[in-house]
Structures are given as C-alpha cells and as structure tokens.
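So the structure is just underneath, and the comments pick up after that.
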C-alpha cells in the first residue's frame, strides 16, 4: 500500500480522508491542517496520526499527498509537494487566476511527479459511462451537448467574494466536462448571466444564473445551464446528440422507491449535497490516483486540463460582461 | 355509413354515444332508454333522434345496435336485436350467471348476425401492443403474466348487491385478458379474497381485495391482483415474462409533465376514471365494430369469450369460498 | 353546428379535414384545393362536397374557413376570407417576411372577423398543462426555460429553399412557445447555427442545427435547441425553472409498453411524425376555433403573436450571421 | 476496531472479506477455508493472515466470526463459534432442514453471544427505505404486497441437488421480506410451481418458476413471483399497497445513462449478478454487525427469523405438492 498524507481537514478533506482510510491500496499516513483542533479530530476519527505539512514533506515514507486546503493555497501546496518529491492529488482548481496559473507552467505542465487535478465529475460512474459510449460511437458523430448543472441551494454569502465568481467556481466543472466529452477544445464562448435568485449576490459582484454556449472549431455546439439554487436538490444532467441518436444522463435519486398517491407517482428525492451526489466519484478519484501511483495510468486531468477550463471560465466572464462571444 | 342505434343512455351509453357521433364510418340513427327524460337529453346532445327499442328493432334502415343497458338486460336485448336481424355490440357481460348464459348457447354461439361483446381492454392501445409483441415472439415462449387491476375508488355501495360480486364484475376483465394474452385457456384457478377496505362490503356479501392465480394446461401461470380502491387513481398494469425477456405495460399518466420539488420528481396524476383511462379503447371498440359491420373483421370477442371469462369468475368464487383450487 | 370550409388538401389539410369531419360542433361544408384530383379525393374521403375558393367565399351559409394552403398563399387567402366576412383559422405562419406581414397590420391586427393563427404546440395537452401550472405559481417566479425541438428526419431538400430558413420555418414554434410560457416578450436573441447533418443544406443556404438564447427585459433566460434530424423520432421537450422548483415536459412514447432484454429496459418508440406527436393538439386547435366561433373565447394567437415570433426569427437569423446578439 | 475472522473464502466469503477489509470499524484478523490454496490467496489479496477455524476459535483477540462456508456447514460452524465465545455473522440460512434447526433452539434462540443471520435484502437501501416508509404510515394501513424475485440466469445444475429446492434456496428471501414488511407473520401459504425453463431441473426434482400467495391472520395478502432466469438481469421489485396509496421499489439500473435510438429510449442494463445488485446491502450488513458488536443494535435477524422463513418455505413446498394451502 502506498502511503499518502491528507493536507486539509475541511469538508472535502473529510471526504477524501474517509475514502483514503477505506481504500485497500492506499494507506493514510497522516493528516495536516492549519487548525490544530480540527487536525486532531480528523486524525482521531480516521485512526491515523497528525502532522504538519512540513513534517509530511520531510517524511520519505510518504509518497503522495492529497491537497484539500482552501483554493487560495492549492497552487503553493502543489508546488511544494512536487518539490519534495511527492505525487500530488489536488482538489480543483489549482488556482483561480489564469495568469498566475500560466506562470507556473514550467513546473506543472510536465511535473517531476504525477500531478492529478481532481475534476470529480470525470469519475462519476454515470458520466464515465456516457463518455465511454460516446467514444464507442454509439450515437455516431457527436454534434452537440446539453449540460445542466444546478445546485440545490445558495452557498453561504461570505463564500461568494472568494469564489472567483460563478464561471470559475461553478461552471468550471462544465467547461471541463464539455471539452472532455466533445473530444475537441471549444474555441468560442457566449454567456448570458443574471442575478435572479438573491440580489445580495449582485451586490457582491457576482451572478447566480447563467446560460453559456460553446463552439468548437468543427462547429460542435454545447449549451450549459447554471443555477445556484433549485429548491429540489441536485440537478446534474448531460445530453449528447449525435448523428445516430442521443445519450442522456438523467438525475439520480436517493433510492428506487416511489410513492403513488393522489397526485400520482412521486419518485424519491434527488440528492441534496454534492458529497452524496458524487460519493462514487470521490471514491473513483482515489482509485484512479492509486492507479497513477502504481504507474498503471497517467493522471486523467492535470495542469493542461485545468488551464483549459480556467481559460473558458475567464472567456465566459468576458463574454457576459461584453455581450458578445469571446475566445478562451 | 352504417346506421347504428344506441340502446341505453347511462354512463357507458354516453361514452358510446359520443364515439358513435364522431366515428366517420358509423351514423348514430337513434337513441333509446327506458327513462324518457334521459333519452331526450341524450338525443339532443348527440344531434340524433329518440326512439323506443321496439321502433329501432322495426327500423330496417338500422343495421346494428349498441347495447349499454343495465347488465341484467343485456342478454334479452341482445337476443331480441339478433332476432330482429341487427348486428349487436353488447357491453360486457352478456349475463352474470353462467347457467343462464349457457342456456343461450344455441342462439349466441353461432349468431345469425355478428355479436361483439365489448371487453374494452382488448382495444386499449397499450394492451394491444403488448398482445402483438407477445405474439410476435419478442419475449420467446411466454411463461407467466402479472395483472394489476385496481380501481381508484369504491363504487357506490348500492351497486354491490347487483354487481355479481368482485370476480364477475371486476376480475372478469382480467380473466379475459389472461386467456387472450396467454393464448391458452386457464384450466385451474386459486383465489384468496378479503374485505380490507370497507366492512360494509362484507356485510353486503362481497369482497374488495383479491389475489388470484391461474394455471394453463401447459403450466403457464398468471397472477392477478384486484383492489376496489387505490387512493391514487387507476392502477392498470400487465407484465408478461418469457424465455427471452419481459414486456411491461406500466400505468399511464394524464400528461408527460412532472414537477421537481423538495421531495423529488412528481409525475403527473394517473387517470381517475375508467372513461378517461380507456377513452382510446372505447373508440377502438367502435372502430372494430365498424370493421365487423363492413365484414372486414370477425368479432374479437363474443359468446365463447364471455362464457370462458364468466366460468373463470365462478371458479374463482368457488375457490375463494372453499380455500382450494377450482376448475372453470 | 357552424359550417366551415377547408382550403387546401395537402398533408395539413388532410389532418384538419379529418378533425373537422369528426368534431361534433363543426360541419365540414366543403373542401377546396388548386389540384382538382386531390380536391375530389379529399371530398370523397371526408363525405363532403368540393368547391372552389371563390364559391366558398360566396356561400353565405359558410361562416369560417380553415386555410391549409402552401405558406406563400396564407396571407392572401386570409385577407380574402376576412373580406368575405369569414372567420379564419390559418395554419402558421401568416407570412414568411416580416415587412410583408407588417404591411398587413391595418387589416389583421384588429380583424373584422376572428383570426386564429394555428400555433399547434399551444394546444398540445402536455404544454398546456405546463403553461397552466407555471401560471398557477407551482414553481414560483419563473427564471428560465429550456426548449428542445428536434425533428426525426430532414425534410425533402426541395422544400428547403421555400422554407424561409430554419429559424422562420422551425424555430418559430419555439419563439412562440417561449414568449407564451415566459409571459414576457424576449428583447434580445443570440443564435449559433451550423450545418452538421447534410452539407446539401448549407449549399442551399440554410442550416440544420442551432442553439438559441433569448433574454427578456426582466432578465429571464431561455435556451432553445434545434436539430433537423434525431435518428430517434420526435424530440420535443420543455423545462421551466423557477424559484420554487422546476416543471419538465418529457418526450411522449407511442405506448406505455417497455421491453426488458439483455440490454435493459427499452421503452416504446417516440412518435416519428408531427401528425402523430401533435394529434391531440390539432384536435384541440379546432375545439378552440369552435369556441372562438361560438364567441366563448378570443383567438389564442393571431396577428400580434405571429409578428412577435417572426420578428424573433429574423433577429435570430441576423444574430447567427453577425455573431452577436440581435434585437427583434 | 473489533477483530473479526472470516470463515469461508468462496464467492460470498470474498464479498464479505473485501467489505471487512474496508470497514473502518472492523479489523479483518484472519481468514479460514478448508481449501488451503484458496485460503492463502484470499489472505494475500486482503492483506491479512490465514488460520484454521480451530486457531481462530482459540484466539481470544478475535471477537467475532463471519461464516460464509457452504450452507451445510453453517449450523455447526455457528454453534462452535458461539461455544467459543464469538459473536457470529452467519450467511443465511442456518440450515436447510426445519427439524434440524428446531433442534438447535436451545442454543440459538437466546444465544450467549450475538447471532446475526445475514438476510441481505433487509440491508438493501431501497428495501430499507420501503420498510421505513411503510412503518411511518405513508400508505396508511398496509393491505398487500407484491414481490418479484427473478434471477438473471439458472445456477449451475450441479448446485440444484444441494440447494434445498427453489423455496428454501430462493424464495426464502421473499418469505423473510414478506414477514418483515407485513409486520405480521403469514399463517397460510399457497404455491404453484412449474419447471418452465429447463427440464433438467425437473429431472433433478426441483422447479424453476413459482407463484406463491401468503395470508396473515388479519387478512393481509402477499403475492410472490419467482423465476430462475430472466434473460434481462436481476428483477427484484416490491410493491406495497395500503389504504392511502402505494410504494414501489422498481428495478435499479447500472447507471442513469439512457440511449435514444430508432426504437426509442433504452435505459441502462439491470445488474446481472447479485453481488452487484446487493453490493450496498452486503456493506450494510457488516455495518449493522459492527453496531451489534458495539452493542448499539440487536441483530436484525437471528434464529427466530430464520425459523420463520424456513417454515414458510417448507409449507410452500407442501402446498405445491398437495395443490392446497398449507400452514407454516
């Protein structure tokens, strides 16, 4: 088993910590966090030891780190870990600013150790199956995509100013999915956004609703819909239209139970947290990282994929502000 | 257009009257009913004339009658109309008593004019498609059937004593469907029934819930579920299991609209009246009768099919009372 | 019964003719068509008489006409019929050219007799229920719409040059639906289109695939997807997203039968012709027109609605060609 | 972490072994198997040590055993482990013969250590939700149940003579589910069975298809359908009908992807192995056992539940052979 340390014990850190602890190919060697109380609690609950980031970097028995710190610390943590000879699993995104990220190209584009940027949706079993089936030619030549990515509920408003804005924080998943599924880089973006849910978000300089179009060099089209609040749980769907048919990933429900009452059939609820909706994806990411560590796979996403998604997010923001298409 | 008269202006008469009036191959020549007020209203609303049953029988321009009188008058009406040289479309069943019906075999088994007994479910487009696909071999050799036939709500209690009981009034549809779909006559019946919905029904000597098993000579099995009340509209489903797969007719909904709310996806309601659920079937019956009148088709169901279903119903009642399988 | 004549015996004329013949409130008084053979056949099959357009206009017993001629003759036919004192049911659109239609405002905006422009989707029971439920506030304040309108198969290529182009011929339905459902006029359009299905369509100056965004004054957004070919039948869906939930109209299937085989559950096919998909809508249009003739309803769509949809179509074409948003 | 040993390294043993290895509350202390090659391989793959059953019983550091040996060894293994002071998780059933099992009542009905008999379906999240919702009164008073339990494919024929027959091997799950969900013991059974799939099974004295009815003292009814082969994967459904509505557990699919092609919408496949279909249930069983070991829960099923299910199975066999209802 490869020894791996967890850096960051917040919400995502807890998810990765539990998955590390139960993955038979990985050994959770230690956990680090800037907050000593949280670090201690996490170590105890996962049955591992606590350590500082520095101690982890210095420990030759630890081959890799999972970075789940606040986004603003992703890039520095990744660089330090790579310098220390560790393979890196970093929560997406590496950075919120394209220029900053571009400046790190020399160290990250061809890193000395494997660098995996965890775009979780690529490991969702439903989306993976979609990708496999598109690539297998089930619907012939792919012509267009529809992506719906609506969150159950607004994030805490204090998060908004640090989020990078809707396109970088939220649509970035869709930009990555679109490029991955289309098999071709989008070359143009058009975005209309609005603040329809909570005027506080507008006061903080952000939007909560968007419709985005992407176009590739060969003319393929992708439509993305974003909303920060559904009132009905996670709405996460993708449809792919091709010359020979279509593939649809519909929403999942918590169970296969439905109730039949006076108003008809009521399916079970949609998941209401991304941790629940993407539980399999988070486990799958770590399995993939185990493959990477065993040199069975190259990282499914790294610096280049993060750059591409971030460039599309910045283009979308420019488009929305200019009222005209923009290029990434 | 063939001239057809409607005998009986109650609930089913109104359904058939409207369908007669709008069927381009049939002309509604007259309506009859024992109640002169109801007869006049029906004639006015359908734009046709009123007449007595006798006048209709005497009218040589009228080729056929649709009999939608109370069940107790079906048999006599059918016999008189056939004697008068009319083709007959009779609401099911011809009679509630097997011996009575058997006594009419001489006149009905090979009638002088076409006799169609309107088992409406055979004309439901969903069940027709099921039958066509079973017969086309889509699931290989048919092995068993599941039929769910649950009513939205209890009938008026005053109807119960005249209904013939659950098996003759209600399950009779399922007995006909089972024999039709199995392509083979059931030779044995086992039934458990209960009064779980309203103890008044038990006081009236009837039951409101039943599970019935049928077995054919070749060993095919059929399970039927009946309930007089669902609290969620019409529950009308059939599943057919074969060597190469299964076919399922699921419930229909009023529209394809669903609502997504805090509890998940809520499909539209199920139909709540048989008139709504089987609207297409009632139209289809008359189309079939028009084919029969044009000598393009033999009646899909007649005396023999009615006898078979009634014999199964009587066997089910005997089984339920004896606590042992019975033969029809 | 109001006497109505049918003008035009092509594909749509046949649909309306059959529905006129079976509608209990309307009497099909005569059929007209430029082609005498087709006219005679239609009259015979519907059991009515044939007549010229002029004879129909002169017949004082005929109160209304249903115009189902080629699109290029819609406007002149409508004007002549109105002048002759007839109420008019005209297939959409009244004209393909905005300036031409605008020039007729004096005669059509407040016509002397009722003028109903038959946007059929408004009468589809699924979409009607959607509209009713949005308006009833089921999902709170409406925020955005998704409309998928994909045709099963390319039209005959010879039709393309006379069609007015994808936006006027095809998306026009969606423009009408969007404005109707949003309850607010779109004030801006952005469209990307492409020729992904058949390069012949590009040679004829048209496109076969489009993604269109609409925006209203209050910031509501609508995304429309169009394709001229699905390979899987009619794909006709709408989703409405609001503050308190979402409403979805999913595709309908021919029957409720599904087959379970080695690859899982296979639902029944989607309808493959608009005549099948919108059969109820066409019947509903005529019921509405009967209401209009009986002065129970004002026309659900007329000159103004046609102008609005056509203006959006022209704006979409300008947007697609300029690569920038356009105003209708 | 409680130290647990695995007894038996066959198919079910491998499932439990993997789940033991990744359960954060349980430590897989050792594995035993009569076959030394298989035992060694299992120990290596799970990163634990191998041991004999005797060594495990003698090891005071091991608090519990998971027994996944052949069914014929369940009872003896359970008794020896209990005598050695271990808590026991035993694969169902404890024994195939009612009299044999009854004879062990003295030691098993009130065992010195917790005894959990692993009826896996009780831990399936879909069925658990069903149970919770029935008990919460969502459908009012429960009236009847429908259970479909169809296997994807025939077992190896050499398994049949040791299986105990369809009712004890297969329907036993349904008997347990029925009693659990009904909240009341069935007091009467009626069963018709047939050999419709493979005549070899009849030659071996067994059947492959059955329809079974159960009745409780209060008149509740349950219909069970069994087939040893579907040709379409796992068919595992339950419907519960009550005074205020119904609850349905429909089949699950491998993913939420569907394909739309010329024949309509094709959902993803059903699972084809019970290991896949009940993966969550097997994990849930061990979580429950961890709760039992931590004294947070009493075993959800033990000797009494196994006796009840086995008695129903024997009654079903008697009913099928006598052609009359039987009492358990």
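Letters A, B, C and D mark the chains in the order given here, with residues in each chain numbered from 1 onward.
Definition applied: a contact is a pair of C-beta atoms (placed from the backbone, for glycine too) under 8 Å apart; a residue touches a chain by one contact, two chains touch by 3 or more.
Just so you know, these numbers come straight off a predicted model, no measurement behind them.
K.L.:
Would you mind checking which chain's C-alpha centre is most distant from the centre of subunit A?
P.N.:
B
K.L.:
Tell me which of A-C and C-D has more C-beta pairs in contact.
P.N.:
Result of the comparison of A-C and C-D: A-C.
K.L.:
Distance between subunit A and subunit C based on Cα centroids, please, to the nearest Å.
P.N.:
Those two chain centres are 42 Å apart.
K.L.:
When the C-alpha atoms of subunit C and subunit D are each averaged to a single point, how far apart are the two points in Å?
P.N.:
Computed value for the inter-centroid distance: 57 Å.
K.L.:
Residues of subunit A that touch two or more other chains: which are they?
P.N.:
230-232, 235, 244-246, 251, 254, 260-262, 265, 268
K.L.:
Over in the complex, which subunit C residues touch subunit B? Could you list them?
P.N.:
1, 18, 21-24, 46-47, 125-126, 129-130, 133, 138-139, 244-252, 254-262, 265, 268
K.L.:
Applying the document's contact rule, which stretches of subunit D touch subunit C when the two form their complex?
P.N.:
230-233, 235, 251, 253-254, 260-270
K.L.:
Give every residue of subunit A touching subunit C within the complex, in rising order.
P.N.:
Listed in rising order, the residues of subunit A that touch subunit C are 140-141, 143-144, 146, 148, 150, 190, 192, 194-197, 209, 211, 213, 215, 219-221, 223, 225, 227, 229-232, 235, 241, 243-246, 323-325.
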